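Two complexes come next, and they have one chain in common, chain A, joined by chain B in the first and chain C in the second.
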Partner chain A sequence: MITSKKGVRDPEGEAIHRQLVLKKGYDRVKGVRAGKYLLFLVDEEDPQRALSYVRELCEKLRIYNPVVHDIEVRIHS
Partner chain B sequence: MPLSREDIEEIRRILGREPTREELAMFEAQWSEHCSYRSSRRLLKLLPEEGSRTRVLVGRGRDAPAIELFPGVAIVFKIESHNHPSAVDPYNGAATGIGGIVRDVLTLGAKPIALLDMLYLGDPRNPHANWIARGVVKGISDYGNRIGVPTVAGDTWFDPAFNKQPLVNVACVGIVDTKTLASVLRGPREGDLVLIAGNPTGRDGLLGSSFASKPLEDSDSDIAAVQVGDPLMEKLLIDAVTEIARRGLAKLIKDLGGGGLTTAISEVAADHNLGVELHLDALHTRQELTPLEILVSESQERMLLVVDESSLPEVEKILRRYEVPYSIIGRFDGSGRIRAFFKGRLVADVPARELAKPRTLYREARPPIEALKGIAPPPPVREPEDLAKAALKVLSSPNIASKRWIYEQYDHEVGIRTVLKPGYGDAAVLRLLDGSGRGLAVKGDANPRYTSLNPFSGAANSVAECFRNLVATGAQPLAIVDEINAGNPEKPHHYWFFDQMVKGVAWMASELDLPVVGGKVSFYNEDASGRQVKPTATIVGVGRIDNVERALPACFSQPRNLIAIVGVTYPELGGSEYLYAVHGIEAGEVPRPRPASELRAASLVLDLASRGAIASAHDIGSGGLATAILEACVCSGLGASVDLDMVPSRGIERLDQLLFSETQARYIIEVPREALPTLERLARERGARVAVIGEVRDSGEVELRSGGKRIASIGLEEAREAYESSLPRALEW
Partner chain C sequence: MWHRDFDPRGWDAVIIPGGFSYGDWLRAGAIAARTEAVERIADCIDRGIPVLGICNGFQILVEAGLLPGALLPNESGRFVCRWVKLVARDPRGPWLKLVEDGQVLTMPVAHAEGRYVAADPRGIEGAPRIHYLDGWNPNGSEMNIAGVGSRNGEVLGLMPHPERAVDRVLCPRGFEPSGRIIFESLASSLREGW
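On to the complex of A and B.
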């Protein structure tokens, strides 16, 4: 999961929050962050190794920009 | 750039006491290079502000200048760089660059109609540079497409010098009727209100200008200066602000750009000899902010409107209708001071003029040893045995090859103004949409190699190339804006390039009678090790076209038409694309700027165009004559036969010189046979050298002849492949 870092603005998330969620009355939602979700199917037995493998490729291939984005890599199933 | 010890002394003297934290931050923001031109102001005075062909309606010193295109119709255009933000976050850095330049144009009430992007990027095969290139193009494309303004033209260059630090120069062109223009030039009076409209202010982009005014560091600490563009808000601002302006409700509009609120307010107050009382807590914010943060935040998509009491209800109605958040945060007064309150407490009290105009810094300029590379003739090279192969190699260089990969990501047609699209004319041609057929041409140019070898001549040549590109569409050039991208002004070896580039632009612009109505300076374009990127002078020019139906394409149009060359070719291979692409050499005297020849050639081309005596015209620039002919063939699908012995030249000893010399002031023109007498007569009258060198053929090849023999032949399919596929292949791997 790739999202903007905490201090970085997210106009898409803000627009969803304001124009969709709040307008329809769901006012207990205090914020929305939009991001990108990528599911990697990795041929690997060890979950830890799969995680570090994907983390490395995301960084090396600049799937995200470490200066502005946070990523979260976890095992889906 | 943090304040120096002398600066702080000066601030103490201005205030007569110790500054508060808020005041210090205001001075730091406003006195940064980016906002106050401290190191450049002295030299920029050399640039001509007027020209005999041009009515300048708003000159330098405002957010954007305006010139008269036709009676009652003004063009507003401006250039800006977003080099530093794009190095850190290519996508958002480039996107917010577009946002900023569009708002500059909005400040004169103009409707933005076109964007240009001049990108000087790293080697596409370098992974980091490749990532920057993709991010920059995507950022421009997403933002431009979402606000509905077409990207119609630009310039692209690839060079390893830009691997870490690209140059992202963007320009916007807007159109406004002179009545609306007059209404936003009225300016504030005592008692008028300060209204801030647009995005709520946040902590993003704190002291971003100050960030752009120092070298890049290799760390994550620059995060606070990263801003994210919000094209949805920008679009609302465009609609709301143009409506407010058109209805005469705003007395002045200003962008909250570099330096944020501090810069915007201090410049307005200083320009009008006024003071202002601000209540910072009245501003709409995204989060809890300190007064200091409010004063210098550079949150995007915000504008300042000066409104009088009686217009306020109407302005509020419009902003509410477009759902643009706003707040009224203060009032102008006669005090000459900026007094900022936060929850009733006075946090800053500074004289507007002293804040807006810091003292000029005198910088030392000294040419570095490497500048010698540009003053000697280029080293001798062996003439290639296969000239066709050499021509294809030059044509496929990423600096020459088709930029389709880039411009196809942009919407270049939205708004249906575009007459000549990217790839079909030397400049973009846009129509006015008033049913008259009148229009304008616009183009941006630079050559980082020239300016790094010889900053004076290189910058002068950028002006000349922009001039030729406009002329080649049949447009009468009216004015230019410039963006000078340089290194660290504190280093004499860097500053020398800046000094020379400004002088080169100033000289050529005066010679060509083109006012430099606005511009921007970007310093500190160096990487973490202190190496400056190739210093680059980017020029964007606008020209008038009376009838867009007659705008000239750069592609050949009709078999059997004659091909003629305007201008004399000299052996000028120094700094050429040929030496670089074929021989791997970047050295030597760059082509001489030739203003007198430029004027003669341009007057001939424009005269022929107005009589309908030419079918197409193409500037001979990077890659020389061979490239110009191949380009005109590839984009039309037509072939050509050219006799090189007919090309007027002086001092040429070899065919590679003739084919690839980048001598200035030359055009390839396509002339219908029946217009030949007109061409010959006008050339005599104008004193321009012209020669027919061949004809357009439906032959599927470009044939080059010399000494009565065929010396090279290039198949059109092969040329098209080289031209079209080189850039995608370099970028997509």
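On to the complex of A and C.
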């Protein structure tokens, strides 16, 4: 999951928050951040090893831009 | 030249043009930034060969970490295509040699991902910069940044298109063909140094 860092403006998230969520009265929602979701299918028996494999490639291939993005890698089964 | 055929030997300067690469998937420039051609361009930079990135070329240089910061989708969420007014600050190096500090330039922009975010604003302080004039920022860039260079100006990236502003016949009323000065600067620099 790739999201904008805190402090980096996210116009898509802001528009969803203001124009949709708040307008329809869901005012307990204090913020929306839009991001990108990538699902990697990995040929690996051990979930922890699959996790570190994908973490490594995200860093080395710069799947996210550390200047402006946060990344969260987790197991999905 | 097709990127797979790029051999850096024998070239005086490298220009990565605008357009699209790999469909702009992931982020504009992110996939191209990991190609062999860009690794070779990084070697060119180490050897002091001038490198210019225009539009998608700027995005590629930023994604490759060869210029600071990041370029995110425009604040409007839309592609913008229009002429803008710019001002050069601390110009130096082969691409801006003939440009004076504070000189106003006009060129068109045409991009969807041009909102510049500086990792650390101090990182670009004193580096050659091209800013949108107040009121002309088309994408929500921080500090009105339209382009930024390496400290010595040998590497320069910018979102506006100087190559589309080289002849008066291409300019709408009220705008000047000031992209020309970038190529004239390079010609002068290659002849006489910078």
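The rule is short, and it goes like this: the second predicted complex is superposed on the first by the 77 of 77 C-alpha atoms of A that agree within 3 Å, B and C clash if a C-alpha of one lies under 4 Å from a C-alpha of the other, contacts with A are read in each partner's own complex, and residues count from 1 in each chain.
Everything that follows uses one rule, which is that contacts are C-beta pairs under 8 Å (C-beta built on N, C-alpha and C of every residue); 3 or more make two chains touch, one makes a residue touch a chain.
Because the structure is a prediction, the values reported are computed rather than measured.
Novice: When the two structures are overlaid on chain A, which partner does A:I63 contact: first (chain B), second (chain C), both, or neither?
Specialist: In the superposition, A:I63 contacts chain C only.
Novice: I'd like to know which partner A:R9 touches here: chain B for first, chain C for second, both or neither.
Specialist: both
Novice: In the overlay, answer first, second, both or neither for which of chain B and chain C A:G25 touches.
Specialist: neither
Novice: Do any residues of chain A touch both chain B and chain C, and if so, which are they?
Specialist: 4, 8-9, 11, 15, 62, 65, 67-68
Novice: State the interface residues of chain A toward chain B in the complex, per the touch definition above.
Specialist: 4-5, 7-11, 14-15, 62, 65-68
Novice: What residues of chain B sit close enough to touch chain A in their complex?
Specialist: Touch list, chain B to chain A: 88-92, 127, 131, 135, 202-204, 220, 222-224, 226-233, 286, 299.
Novice: Can you list the chain C residues touching chain A in their complex?
Specialist: The contact residues of chain C facing chain A are 26-27, 30, 33-34, 63, 65, 68-70, 72-73, 75-77, 115, 117, 119, 140.
Novice: What residues on chain A touch chain C, complex-wise?
Specialist: Chain A residues touching chain C: 4, 8-9, 11-12, 15, 61-63, 65, 67-68.
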